[in-house]
Amino acid sequence: MIQMTLTQIDNYGPWTVTPTPRAEADLQILQSELYADLQRQFAAKGGLVFFTRFDNMLAVTNGVSMEDHRRIQKSIGNRYPITVSMGVGASETPYEAQKLATNALQSYGGAQSEERKEVLAIDSMTHSEDSFVQIAHIDINGITDTLTDIIPAYDTNFIVNRVQHFLMKKLIDEGSLLFFIGGDNFMSPCNGLEPEGLLRIVEEIKDEINISLKAGVGKAPTAEKAANLADLALEEIRGGFTYNLVHVMKNKD
Amino acid sequence: MIQMTLTQIDNYGPWTVTPTPRAEADLQILQSELYADLQRQFAAKGGLVFFTRFDNMLAVTNGVSMEDHRRIQKSIGNRYPITVSMGVGASETPYEAQKLATNALQSYGGAQSEERKEVLAIDSMTHSEDSFVQIAHIDINGITDTLTDIIPAYDTNFIVNRVQHFLMKKLIDEGSLLFFIGGDNFMSPCNGLEPEGLLRIVEEIKDEINISLKAGVGKAPTAEKAANLADLALEEIRGGFTYNLVHVMKNKD
Amino acid sequence: MIQMTLTQIDNYGPWTVTPTPRAEADLQILQSELYADLQRQFAAKGGLVFFTRFDNMLAVTNGVSMEDHRRIQKSIGNRYPITVSMGVGASETPYEAQKLATNALQSYGGAQSEERKEVLAIDSMTHSEDSFVQIAHIDINGITDTLTDIIPAYDTNFIVNRVQHFLMKKLIDEGSLLFFIGGDNFMSPCNGLEPEGLLRIVEEIKDEINISLKAGVGKAPTAEKAANLADLALEEIRGGFTYNLVHVMKNKD
Amino acid sequence: MIQMTLTQIDNYGPWTVTPTPRAEADLQILQSELYADLQRQFAAKGGLVFFTRFDNMLAVTNGVSMEDHRRIQKSIGNRYPITVSMGVGASETPYEAQKLATNALQSYGGAQSEERKEVLAIDSMTHSEDSFVQIAHIDINGITDTLTDIIPAYDTNFIVNRVQHFLMKKLIDEGSLLFFIGGDNFMSPCNGLEPEGLLRIVEEIKDEINISLKAGVGKAPTAEKAANLADLALEEIRGGFTYNLVHVMKNKD
């Protein structure tokens, strides 16, 4: 079971243009600092946040308790001009978990409701005995030599975005999510997706848009450990210790 | 003429996995704080940064001098475990400007070069008499009611990413760039693109993926002012003061 | 028993002037962001950090484990140009605890040693059964009306510093510490100090420099809870619910 | 002429306890991030901020215009749960300048007024032709070997605070200010103080509390340059290039 938390800034859209549109630079700073802040606080409990749309952020939060969520919400409310509401859901697949989390939050009112404020809507949470996170860390083979150092920066960005788009489309059919994490890197919470399934996707993308990907997969009770194992698995591919384009490492604790 | 700056973290990839992969949460915090930091420093000079790939960030920097760039680089070097190199280019279109900026930086060595460090590579800069920035602020009509409050958070994210992908594809043909800035918002540095051209793109996207967009366009000597005018133009559409899906406001200073 | 942690930036002095003196503004930003960062991470575990000298920070850390300390050190090392070493000690009084923490760290090498790096030196830690923190929150009566709104800002600052100096001198004799926390506020970890002792100090300062203080005291198993109770106790004095200048609240969990 | 800005958080005290006392850790993070943020923004214009009491911060701001002040205020208002008001004054001595700045702000209402918000109260500003800043960077000789590495961390902190208290007392008589900047370092905006006067103070402190200080003094049109020259002057003493305990460097631009 994977636990996911949706963090949503309360009534953010209207705030950004009241009384007149706020400086875009300020909004960008606010959003990225809020993301860094939530990341730091969830990470202290073994969770991992993805910036998603910045005003809506999805996180894998196995092991992060109700009380932890409350403390984080309160801490944000004390230090930002905005507040955040959260929904939490647990399920067999990441897609289902975020769906439950979203439903729970939506039932308390809309994102631009003037009444809804600092809501914590819990549909379900994982327990230590059933907690399980599978994360794939995917990157583009040799991007520095073939793209970053050769073509214009925006063109590389365009290709990375294209890869993201294709990966998202294919992974969602498997109940898996996909988030861009910077550079040429993506992370996919993918409970339930077999290595063969991931390999097939990697091969399809090679065929369709001629981009070579590789993926390290980690399996562990928390997002932090799963992501770390995924990194190590990816390093084994990079280091030539395996010829597979998809390599899996499991938690040994 | 629009001036663009490419900021690239020096030798970042190898650093993230030395001696072993660093915690993903820490890297995410580092990247988003670096982005917020650069934003604050460029904004103090009238510029605007887009997070792009986080290890490579593009910015519109009309009016930001060579000395300003140096100071920002040094300030980052003093406070982060990494350093940044920059390339600067000025041209008639944003696409050309970032291409010149990238070329200039690439000529000093690769992104993973162990020698290249804190380089400032200037191809060309704008001057006060020819400085001109056109920025479009594009968003999705009624996204809160039709998507955010109704469907799962990831599905909304998926649709926003799809819109981004289509916009990028169409705008690049016009020499214009497109960056996601959070929520359902995009900003497009688009010197040289006529309102009719932008309207056509908006209509095509409506036809192809049935998503309604609107766009405010600002024109001014700096990115800050152009973005602000774009926001105001967008507010006029939202407020019903114009029936056009693309509305333009010009600097009156 | 109170547990205290000394966090020391490794070899910081030489770094600040290598190769030439770094911009003072950058050092100030680095130091205050490092403090905020440590605060956030220790607070997530119920601890409380005082900025002290910024390059050396003392914290009350009951309940923060060895593993937590390690994680925090590593996280700092991943995101700053410097690393931190830590010493931990537990004792009956805060003074003794910080002394043990300092001794433990000093035994690994000096603050400007080129070898010592990211050391975690643990002399002793509290356990859940003997964990106890007493914190006093002290402020100046009516400072806004009598000083801030009347005299020059620096003169108020001078008076606050004078109060700090007198409080430090008197509290150290009781084995208690005293930290400035902004405005006209001080926090004193003061295990073992009776309310009568604190009241006597408050009265002496009234006699000697004609400044009226009041103090809320909290007692709890963690710094977070003790500080919160101290705040509530201070609010009771402010609200006129008690005529005492020193008021105590205990944890009821 | 030196220009000083007083930045004051609007109605901060009441906010910190509304509706109940906010977590001390959150307030500490808020205050230190606000300080870092202001530092970064004033530094971009050649200014230098001192944390002072955190809710009241004094800064040397020669060359920072009215428009710059406005932009900084607005940027803070967009990203924090609080707003800031500012007073600005220019005079022959730092003490006089901060007095004028405070008076200007006080005339708009008290620090805990519910009406006063985001006020910018300008008494006077420097102009490029009369702009002059003199800053001394003072530190304690050999503190690492004699204190930090030998005695408990709090005792070193106590001694540093004692030095601060003595320096503040003596410098205020000369119209000079004194701020702690971390470690064993102090900065003193000291227009009008002759090197002989500063040397006398250093010698008095040696006599009275047996602590040896040294001071580098910088003179330049902006705080940034003056602080930098003060650092270089201090390095010359450290490096043995001069036997004087007070050494002066002037701007050569």
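Per-chain residue numbering starts at 1, and chain names A, B, C and D are given in the order in which the chains are listed.
Operating definition for what follows: contacts are C-beta pairs under 8 Å (C-beta built on N, C-alpha and C of every residue); 3 or more make two chains touch, one makes a residue touch a chain.
Just so we're clear, the structure is a prediction, and the values are computed from it rather than from any experiment.
*Asks:* Since chain A and chain D share one sequence, what rotation angle in degrees maps the C-alpha trace of one onto the other, as a multiple of 5?
*Replies:* In degrees, rounded to 5: 180.
*Asks:* Considering only mean CA positions as chain centres, point out the chain farthest from chain C.
*Replies:* So the chain farthest away from chain C turns out to be B.
*Asks:* When chain A meets its copy chain B, do both sides use mostly the same residue numbers (more than half shared) or mostly different ones?
*Replies:* same
*Asks:* How many angstrom between the C-alpha centroids of chain C and chain B?
*Replies:* Those two chain centres are 42 Å apart.
*Asks:* Centre to centre, by mean C-alpha position, how many angstrom separate chain A and chain B?
*Replies:* Chain A and chain B have C-alpha centres separated by 22 Å.
*Asks:* Could you tell me the distance, in whole angstrom, between the mean C-alpha positions of chain B and chain D?
*Replies:* 36
*Asks:* Two or more other chains touching the same residue: where does that happen in chain A?
*Replies:* Correct list: 23, 25-27, 29, 33, 40, 43, 75.
*Asks:* Could you tell me which shape the graph of touching chains takes: line, ring, star, complete or other?
*Replies:* Contact map by chain: complete.
*Asks:* Under the touch definition given earlier, write down the residues of chain D that touch chain B in their complex.
*Replies:* The contact residues of chain D facing chain B are 37, 40-41, 43-45, 71, 75.
*Asks:* Under the touch definition given earlier, write down the residues of chain B that touch chain C in their complex.
*Replies:* Of all residues in chain B, those touching chain C are 22-23, 25-27, 29-30, 33, 74-75, 77-81.
*Asks:* Across the complex, what residues on chain B touch chain A?
*Replies:* These residues of chain B touch chain A: 6, 8, 12-13, 17, 20-21, 23-29, 31-33, 35-36, 39-40, 42-43, 48-49, 51-56, 58, 95, 98-99, 101-103, 106, 110-112, 137, 144-145, 148-154, 156-158, 160-162, 164-165, 168, 172, 177, 181-184, 187, 224, 227-228, 231-232, 234-235, 238.
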